[in-house]
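Here it is, the structure in full.
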Amino acid sequence: MTVFETGDLAAASYLSNFLGLAVAAVLLLLGSTWVDKSLRIPVTLCALALLAAAAASFEGRLALAASGKIPVLYHYAGWIISLPLLVLALWFLAGRAGQQSVGLFWRLVIVSVLMVFARYLGEAGYMHATLAFLIGLVFWLYILGELYFGRMDEAVRLSTDELLRRGYFWLRLIVTVGWAIYPLGNFITSFGGYQDDGALSIAYNVADLLNIAIFGAALLATAILSGADGKNA
Amino acid sequence: MTVFETGDLAAASYLSNFLGLAVAAVLLLLGSTWVDKSLRIPVTLCALALLAAAAASFEGRLALAASGKIPVLYHYAGWIISLPLLVLALWFLAGRAGQQSVGLFWRLVIVSVLMVFARYLGEAGYMHATLAFLIGLVFWLYILGELYFGRMDEAVRLSTDELLRRGYFWLRLIVTVGWAIYPLGNFITSFGGYQDDGALSIAYNVADLLNIAIFGAALLATAILSGADGKNA
Amino acid sequence: MTVFETGDLAAASYLSNFLGLAVAAVLLLLGSTWVDKSLRIPVTLCALALLAAAAASFEGRLALAASGKIPVLYHYAGWIISLPLLVLALWFLAGRAGQQSVGLFWRLVIVSVLMVFARYLGEAGYMHATLAFLIGLVFWLYILGELYFGRMDEAVRLSTDELLRRGYFWLRLIVTVGWAIYPLGNFITSFGGYQDDGALSIAYNVADLLNIAIFGAALLATAILSGADGKNA
Amino acid sequence: MTVFETGDLAAASYLSNFLGLAVAAVLLLLGSTWVDKSLRIPVTLCALALLAAAAASFEGRLALAASGKIPVLYHYAGWIISLPLLVLALWFLAGRAGQQSVGLFWRLVIVSVLMVFARYLGEAGYMHATLAFLIGLVFWLYILGELYFGRMDEAVRLSTDELLRRGYFWLRLIVTVGWAIYPLGNFITSFGGYQDDGALSIAYNVADLLNIAIFGAALLATAILSGADGKNA
Amino acid sequence: MTVFETGDLAAASYLSNFLGLAVAAVLLLLGSTWVDKSLRIPVTLCALALLAAAAASFEGRLALAASGKIPVLYHYAGWIISLPLLVLALWFLAGRAGQQSVGLFWRLVIVSVLMVFARYLGEAGYMHATLAFLIGLVFWLYILGELYFGRMDEAVRLSTDELLRRGYFWLRLIVTVGWAIYPLGNFITSFGGYQDDGALSIAYNVADLLNIAIFGAALLATAILSGADGKNA
């Protein structure tokens, strides 16, 4: 095993990222027993996304210790599980404001899986890089479109639950702003001819902490507060 | 430890497969505490099948890191535990619609264990490949026969629980369509003289995600929805 | 790490044995929260026996990967924890039919620990092989005597709980028939001059699945069914 | 793997530190189910801090076994997760005495993360050592200022809950006295030209046991006692 | 990894010791949810002692596999966490019979930590062996004094709870008789010039099973039986 020296920022970001995702996963697993029954499922899905991200981060750290670098494969293996789960958590959260259609559920699953998969195929050279980048971008924009202009937004907007509306606003903001790192990173490695010397891994690690751990904590806070004046506990 | 490069699709499929099965296992373990008491057992059996499949996938990944390939031994070691558990989960699910016979329970256990075992013996060269393939095929058809024309189907068909009927329909479909990959893979390695260069492993990984993780999620959804208008929660 | 090839039956039996014992342990741990309060302890003891057996099996598998063989040490290290726990589970199960004496409890603990320990000393060459074999045999027969003709049998026989009687019958049968593999294996290595080339390990693995995993599942089934018409749930 | 000899005090402190943090984490996770609902969150946050610290300690131990020394990277990776969680636990604890502002929450998160991060940048040579030391010091003093003179202190001081007041007093004392080791260690390595030969690691390990494990136990005790005469259990 | 041969008694004792402590830890963690609320804390503390002892035993086993011997460091790292927890468990158990003083609590913590620490310093050569031995002995006698003639004994003796009195009697006996192995082992290595060739490790392993696992099981039995006719369950 390679020992990480103090100056190794990439290793530091991996260790902290792993610890942060792991404790957030434990928090949300515990939290899923605290919230209102109707909010148990979105909280659990976030917990699962955190577990998958933490495990992928741990795998990446092993690769870092073995070879001094982390192929993006390890990031994508985590994202293909965790990002769709986060999108579904929003669908279930919106479902508290009003029943959402099952068709939308399946569209979101498929689109978010394909978004990650297309980017991976591009990075791995199995698909033309520009095409893969555009597919990933379009699928991300589709998800944003559903979140801003679709039935989910409508149901939440009409909801009388002030805390649910505010939570949805912030969670959607994370998906909009925070997730921009993924196509951006995809872009600069595919077109900028950028060779990752650690900086991109650090950016991904910080972004994952925001996009998955803070997202999960925000969703849990929404669920606890929204459930407090809800039907049962 | 070998570090998996970004272009290594087989490794990517193993990592994602492991993460997907593991988080699905956690979901079903948690879910077993959410559902109606009479549905706790099928959900738990699916969770156990997922745990076994995830552990076998993890073992396979270690072998992949150590040697660059994964002998089918690792797949069969998982299937011999997980597939019978899934079949039993269907028996217990049908038991909600009407008491199923204990004789059927034992026939399903024995047939599904022997189905996997015969295929393994064929692949490992302990039994004539054609014979093993045919035994595996016949046992799979027997299970399908029970699911389509046996007492389980009858009980579910006569049930007044619309959601249970629909869930049973989809779960049976997975056993019919999704499980076809196992005799198919068995066939092409035994008779097609096919040497696995990763493609079969990828196919098995994708199939396992569908046949075990999606199967489990579908069964949990059936259990939650069916239990919601059921006796207790 | 050695990668196990597909034809390696001993490795396949170890992997399946580990997976089977591990998922059965999870099942019984969960099950201990489902059953009647008075049956929680026997179910938990079985779960602990399964945990110990699974951990010992995992250790054995590591040894197999490192050296290609598994000294019986690994089997005995597991049995010395798991077999006494199974015997005690029967004592607590019989306690549901009628209070059992504490003296019997301690006799069963000591006799079952010594049964495994004597056999181990014989196999390891610290004690004369014939003597060790006979001690192990006598102690096993003592346990069978208590199960067939002792106070436990009496209490169960007089119980009005049909399901408890039936469960006790099957569990006792496993202790009678299934456990015969242990003195048998002990005998053929000690006297037959048999050098284990894997066949004995496979036999032990299959036997452990029957004697510990199926035993546990049978005890859980007894506890769930017997508790269903019992005092509380 | 290197085996630690009996005279290796640094290794002994790492092993004990890991065991102590791990069992304290388990205690607080269990404890979070024992306390009053309004105190569940601070107890859980402490448990997460303990988990992160235990995991970082375990990583450090692996590095020690591999190379005979532990770069401070491993300490900082743990602290950047655990120290902010402890500060937030105090915010939630004070919230029991009276609603605390959300602005303060975010200030505490950001200040405590930056406190650890600045120190790390200084130690790793990415920032001028004096500047990093001073930033870390100022941020620590800011946290102490909030604890002694801010709204949190005010709310606790006015609380009628004698046990909460006493618990807050002791917890604040740990943050004042115990946390002094971190700037001190930072100071002597940055300015004293001190090369860590194990003594600093031992000091950090003992300090972590006090600052995180004893802190957690004290907070749990406060929560149990304060909750005992509280609203519900 | 070294594979342990069948004749390796020290390895066999380590494996069994680890399995025994681990399953006992699981038993007490589960048991802490079964017992009366006022007995939850002593049971949990025993569970934590078992966890720490099991983890230390596991670490020792790794050292054994790597180098063929186990420095006593590994034993002491476990004892410094587990023995104080067992003493505190007795303090909390006695607290059921009558409120115990907080001063005694802290004296017991400090004395039991120093007892182990002094012995370790003696064994590691940091302190004069005779002095360390005597300090360890005096601190052990102090604990026995508190157990036999102090306020804890008084409270238990005056208790009307017959089962609590009997449990306290047996637990105290284990601390008296079973713990004698620790100063004894300390004595013969320090003064007898004894070089551990495995026999002392085996003695420590057997003693730990008695002093920690059986102690824990006895305390759980006391808590279950005493709680059965207690206030709530």
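Note that the chains are named A, B, C, D and E in the order they appear, and that numbering of residues resets to 1 at the start of each chain.
The rule is short, and it goes like this: a residue touches a chain if its C-beta (ideal position, glycine included) is under 8 Å from a C-beta of that chain, and two chains touch if they have at least 3 such contacts.
Since the model is a prediction, treat every value here as computed from it, not as a measurement.
Colleague: Give the chains in contact with both chain C and chain D, ordered by label.
Modeller: Chains that touch both chain C and chain D, as defined above, are E.
Colleague: Have a look at where chain B meets chain C and say same if over half of the interface residue numbers show up on both copies, different if under half do.
Modeller: different
Colleague: Through what angle, to the nearest 5 degrees, does chain A rotate to match chain C on its C-alpha atoms?
Modeller: Rounded to 5 degrees, the superposing rotation is 145 degrees.
Colleague: Which whole number of Å gives the spacing of the CA centres of chain A and chain E?
Modeller: Inter-chain centre distance comes to 45 Å.
Colleague: Starting from the mean Cα coordinates of chain D and chain E, work out the distance between those two points in Å.
Modeller: Averaging C-alpha atoms per chain gives centres 28 Å apart.
Colleague: So which bits of chain B are touching at least two other chains?
Modeller: Nothing qualifies.
Colleague: Building nodes from the protein chains and edges from chain pairs that touch, which of line, ring, star, complete or other describes the result?
Modeller: Shape = ring; chains linked end to end, path closes on itself.
Colleague: Would you mind giving the ring's chain order, read from chain A onward, with chain D coming straight after?
Modeller: The ring, traversed starting at chain A in the chain D direction, is A, D, E, C, B.
Colleague: Along chain C, where are the residues that touch chain B in the complex?
Modeller: 1-9, 11-12, 15-16, 18-20, 22-23, 26-27, 30, 34
Colleague: Once bound in the complex, which stretches of chain A touch chain B?
Modeller: Its residues touching chain B are 29, 32, 40, 44-45, 47-49, 51-52, 55-56, 59, 62-63, 66-67, 69, 71-74, 76-78, 80-81, 85, 120, 123-126.
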